[in-house]
Every structure is written in structure tokens, then in C-alpha cells.
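Every chain is named by a letter (A, B and C) in the order it is written, and numbering of its residues begins at 1.
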Amino acid sequence: MTALAALIRRDLRVALRVGGGALIGVLFFLTVVVLMPFALGPDLALLKRLGPAILWLGALLASLLTLDRLFTADHDDGSLDLIVMSRAPLELACAAKAVAHWLAAGVPLIVATPVLGLLLNLDGQATLAVALTLLAGTPALTFTGMIGAALAVTLHRGGLLLAVLVLPLSIPVLIFGVAASNAAIAGPDGFGAPFSILCALSLAGLVIGPVAAAASLRHGLD
Amino acid sequence: MTLLDLANPTRFLSLTAKVLPWLAAATAILLAVGLYQSAMAPDDYQQGATVKIMFIHVPNAWLAMFVWGVMSLSALGTLVWRHPLADVSAKAAAPIGAAFTFLALVTGSLWGRPMWGTYWEWDARLTSVLILFLMYLGLMALWRAVEDPTRAARAAAVLTLVGAVNLPIIKFSVDWWNTLHQPASVMRMGGSTLDKAFLIPLLTMAVAFSLLFVTLHMAAMRNEILRRRVRSLQMMQAGQQAA
Amino acid sequence: MQPAAITESRNVMESAAFRLVGRALTCIRGGREIFADLGFSLSAGEALAVTGRNGAGKTSLLRLIGGLLKPAAGTIVLEGSPDESPPAEQAHYLGHRDALKPALSVAENLRFWHAFLGGERDSPPAALAAVGLDHIAHLPAGYLSAGQKRRLSMARLVAVRRPLWLLDEPTSALDTAGQALFATLMTDHLAKGGLIVAATHAPLGIATRELRIGGAA
């Protein structure tokens, strides 16, 4: 346990210091959301209706963007070799890295949501709903994305290929995230069912993501 | 003949060289019979002659999913048993699966035009198949992105298995999403049991397309093995010149 | 800077007589056979220098022992390791890259590996003193020179005790003083019953047996 806690602490420190990627993700999120009214027009009623979808798309892209370097950074400086060789099971080490990434890059997105909700003319309840669904759903995005990040080590490249591989896998999260937000805002369907499924997706990702990432890393270090 | 004998690529090549012509012939005959039966099948009282698209569409859609199953088994072979032919099988299957998926989409779209009045409807099934098609393309991009086939094989195997777990979840989500957005406005096929006059040609075509897949897959695997041999010969040549 | 002697050995390694044995190893990478039917054996207190021309598979052999590559054929066992754990878990790997985060301080880098690797350990400050970096422990690792980064990696070997050291060109970035320091550390490790496998072009400054791979250069 101390080993995993140490790994989480280190990744958090690296992410928050100079050169770390945590805040760039929030900045990207902000930019995407600010860009939307230029494409859609400054119609506040329309923005209010599309608000949850815009916020979810922004969060999806921001988390994908920051995940790119999750394992390649450690691979480039040689840390990954030592992590694979260590006594801590690789699956748990992968999960720890994902948790650290979510704390450093996912949580700031959720914190930024209320501000962006204002820009999109969302009222308090709607903003709260979107923030809640992001809280439940962004772990699933992190765990799905980490599979792609681990593949990037094997492939020696990330970027666009990574997006092509990972984005289709995150369709369910997007569907239920937006569905739950819209249900809370407009009704008539309940918020509970899609929200529970969103939580279930995060839990399933917690199992599948680290196992798949570890399998990919074990076979991909040649 | 055990599976272990087949594991040897040389054995595989010599065996498939014998089997392949017969398979190809059987596929051609069955396909001809199936097409004839389809042409002779009566028109549907509701859909008219367009119902005949079904005889192409349904086998393609069925194979689109079946091929992912074949690739998942191959992926297990790569990761768990390190079977020497497993990654060859997985790599050869991906473009064929993508082709079947593409045909399923096109025939579905052509069928949708007279039935729904539009080429594309964000119907749950069409959407799921479209996502499946995207995943096939992603997998093929991954195969092309890495020069070393063994390294690509492992990455592709992980992604294939993740896809196999994720596809039912995606299907379920899209069904949910679809009922949320357009409640039952789309006219749906099926429901009633198929008449014998439709069922027999459909089954013939399904078997014919399955045979077509086996034939194409086998031929593609042979090509891939030969391609890898050329690659290692060239690498040996490069090594000799360096020494 | 004079290396502080590492005192107070806790006698972890003497208790079990380790022996590293590799049998009939074949390594294939990218469809190319690197080496075939390679065997070696190494007893406690011995160092093995792996030599050979570029591309002969020196690094590959180290990575095979460390479990980072899988052999196409053959086995590697560390006899005498507790619970039949794989050699990787009993080994330190010092590769070409130093496994340091430039944004973290020297002390933070070492403390992380100290906590993460676990097992039998010495205190990080003592290890930093042993490699002569204690006076710059608070600086970011990004400010260090290549030789100093190497020393910081060496501190990892001292801070966390592992019987088997896998070293890939360990002295390449080091100056004469650094090489002498590293020789002292290795001698100390061997005296405590440790094992060393090093891929190298240059002499290491300690008594070694040689394993030449890839035939005549």
C-alpha cells in the first residue's frame, strides 16, 4: 500500500509542478467551451439546451488530451521499467497512476464546471447536475483512456491514433453522462437510472482499465 | 490432424494449399444457389421487392459481429497461448470484418431509403454497426501504425479484447440513447416469424457468406505468412551485408 | 568528495546463498534472432561482465533477466530467493535512462523509489551521502549534470537492498572519481554476497568474469 501511495504522491507532485500537464487540461476545457458559442451563435436559449452536451464533450476531449503522456513520460525516462519490475502488482500500479491522473486532471475539470455553466446560461440546478455526472463519469473516461495511453507505449506514438482508438470506447459514458444531466434539467425521465449506470461504467472501468493497461505494458516494453 | 500441427506455419501453408480450391468452389456454388433462391423468393406483401436486400444484408451484419469474435479468440491465442498463427489470423481478419461491416451498413442504408424514406436514420442498430465499423478501422490503423508485426499483434490483441467487452456495453447504451431520442418512430423489421419462403434462402446465404469468410480469411492468412517470410528474409539479407 | 562508507550491514543477503542461472536462452526481437542457446551461472559475491559488439544483445540479456523481455526459449532462475519470486523482484535495474523526474528534488526522487520499491532498506539521506549528493538534496533533479544524475540513480541501489544488480553501461557518464566511487559500491555489494550482471565496454574496476555474446566481434 505504501508503494502505491508513494506512486500517487509522486505523480500528483509532477503534475502540479512546473511543466506538469494538470492545468493545461482545464485551460483546454475552458477554450473548447468558449469556442462553442462562436460556432452555434450566442443564442442563450440554445446554449442552455446544449450546455450539458458541450460541457461533456469538452471534458471528454480534455481528459483524452492529458492522458496521452500517462505512461509514455515514465517510459521515456526509464521509470516504467522499474515500475514493471517492482514487487507491487502492475495492475495496481496502473490503477494508482490513473487515480493520480484523475485527481490532478479530472477533479479540476469538475471544479471549473460551475464557472463554465455560467457562460452557457445554465442555472444552479443544471450546473450541479452536470458537475455530479462529471464526478461520477470522468473516472470512467480516465480508465478507458489509460488503455490507449498504455497502447501508446507499445506503439511509440500517441496523439491522433490514440483518439481514434479510445473515442469509440467512451461512447457509453458520453451517452449516460448527457442523459443523466438532461434528465435532471428537463425531465421527464428520472436522474437515478442513467446516473447509476454512469457509476457502474466507472466501476467496470476500474476493473477493465488497469488489467488491460497492464497486459499491454507487459507485452509492449521491447 | 491436431491443432498443434496446424500451429506450424509451414504445415498450415501446405494444408491450406490443398483445402483452399475446394473451399472456394464450395463457396461459389453455394453463393450461386443462394442468389438464385433469393431471386426466386416471393415479394413481401408490405415491402415488395426490397425485402430481397435482406438476403445480402443480414448475412453481412451477422458476419460483422462474428469476425470480431474470431479476432477475440485470436487475441486470446496471442496473449495467453502465444500461438504462432494467432496474430496472423487476427491481422488477416480485420480488413475482412471491416468489409462485411461496411457492406452491412451500405445495404442497410439502401434498404432504409424505401422503408424509412431516408438513407440514414440514427436507428439503434445502424448506429451500433457504425461504431463497430469505426472500431474495425481503428484496429486496422493500429496494425498499420507499427512496423514490427509481433509488437503490433500484442497491442491489437489488447484492443480487440477490450472491444469485445465494450461492444455489448456500447450496444446497450445506444439502444438506451435511441429510445430516449426517438421513441419507436422507426418501423422495425422482424418481430413476426419469417416465412419458410424467406428463411431457406436466408440460411443458404448465411452459410455461403460464412464460407466466403473462411475462404478469404485463409487466403489472407497465407498472404500474411508469406509477407512475414519476405520481411525476415530481407532482414537477414540486411544483417549479412552489415557483417 | 569522499564517499561515506556504508556501515552496519544488516546481513540480509548472507543468510541465503543466491545463484543466478540462465539456461539455453534464446532472444528474438522484431522477428530477428539476437542470440540463441546462451547459458551462464553466477554465484553469490560474483560479478559477470557481459561484453560483445553493438547489437549483440547485451541490453536484451539484462532485460531478459529483469523480466522486461520474455525469452523465446530457456529459463532464468535466481536460486535461493524467498518464495520462488521471479528474479525481477530481487533485482535492481540501472538502465541507460536514469528514471528521474526533473521537476522533483533530488531527495524527493530518491524517497519515491525508496518507498515504492520497498523491502529491506537503508535511509535515503545516508544513501545520498554515500554517493556524495547530500549537499544538493533540495535541488530539482533537472538541474543536475549527467554524472550527478547517474550518482542519484546509484543512490537507489544503496537505499533499497536487492541481491541482484543489473547494470547497463553503468559507468558511461561518470568521471574518474565517480567510477572509483561506483567500484567501491560494487565491491561492497559483492562482499555482502550480492550478484552483479553488467553490460559494459569499459572495465568496471572490480574483478569480474566475462560473458562474451554474439561471437567474435
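The rule is short, and it goes like this: contacts are C-beta pairs under 8 Å (C-beta built on N, C-alpha and C of every residue); 3 or more make two chains touch, one makes a residue touch a chain.
Model, not experiment: these values are computed from the prediction.
Just to note, of B-C and A-C, the chains joined by more C-beta pairs in contact are A-C. With centres computed as the average of Cα coordinates, no chain lies farther from subunit A than C.
Comparing chain C-alpha centroids with the centroid of the full set of protein C-alpha atoms picks out A as the closest. Taking each chain's centre as the mean of its C-alpha atoms, subunit A lies 32 Å from subunit B. Averaged Cα coordinates give subunit B a centre that lies 49 Å from the centre of subunit C. Centroid to centroid, with C-alpha atoms defining each point, subunit A and subunit C lie 37 Å apart. In subunit C, the residues that touch at least two other chains are 30.
The multi-chain contact residues of subunit A, meaning those touching 2 or more other chains, are 222. With touch defined as above, residues shared between interfaces to two or more other chains in subunit B number as follows: 148, 151. Put simply, subunit A touches subunit C in their complex at residues 2-3, 5-7, 9-10, 13-14, 17-20, 76-79, 81-88, 221-222.
For subunit A in complex with subunit B, the touching residues are 147, 150-151, 154-157, 161, 164-165, 168-169, 171-172, 175-176, 179, 189, 194, 197, 201, 204, 208, 212, 215-216, 219-220, 222. Touching subunit B in their complex are the following residues of subunit C: 30-32. The part of subunit B that touches subunit C in the complex is made up of residues 148-151, 228, 231-232, 235, 239. Contact residues of subunit B toward subunit A in the complex are 79, 131, 134-135, 137-139, 141-142, 145-146, 148, 151-152, 154-155, 158-159, 161-163, 165-166, 169-170, 172-174, 176-177, 180.
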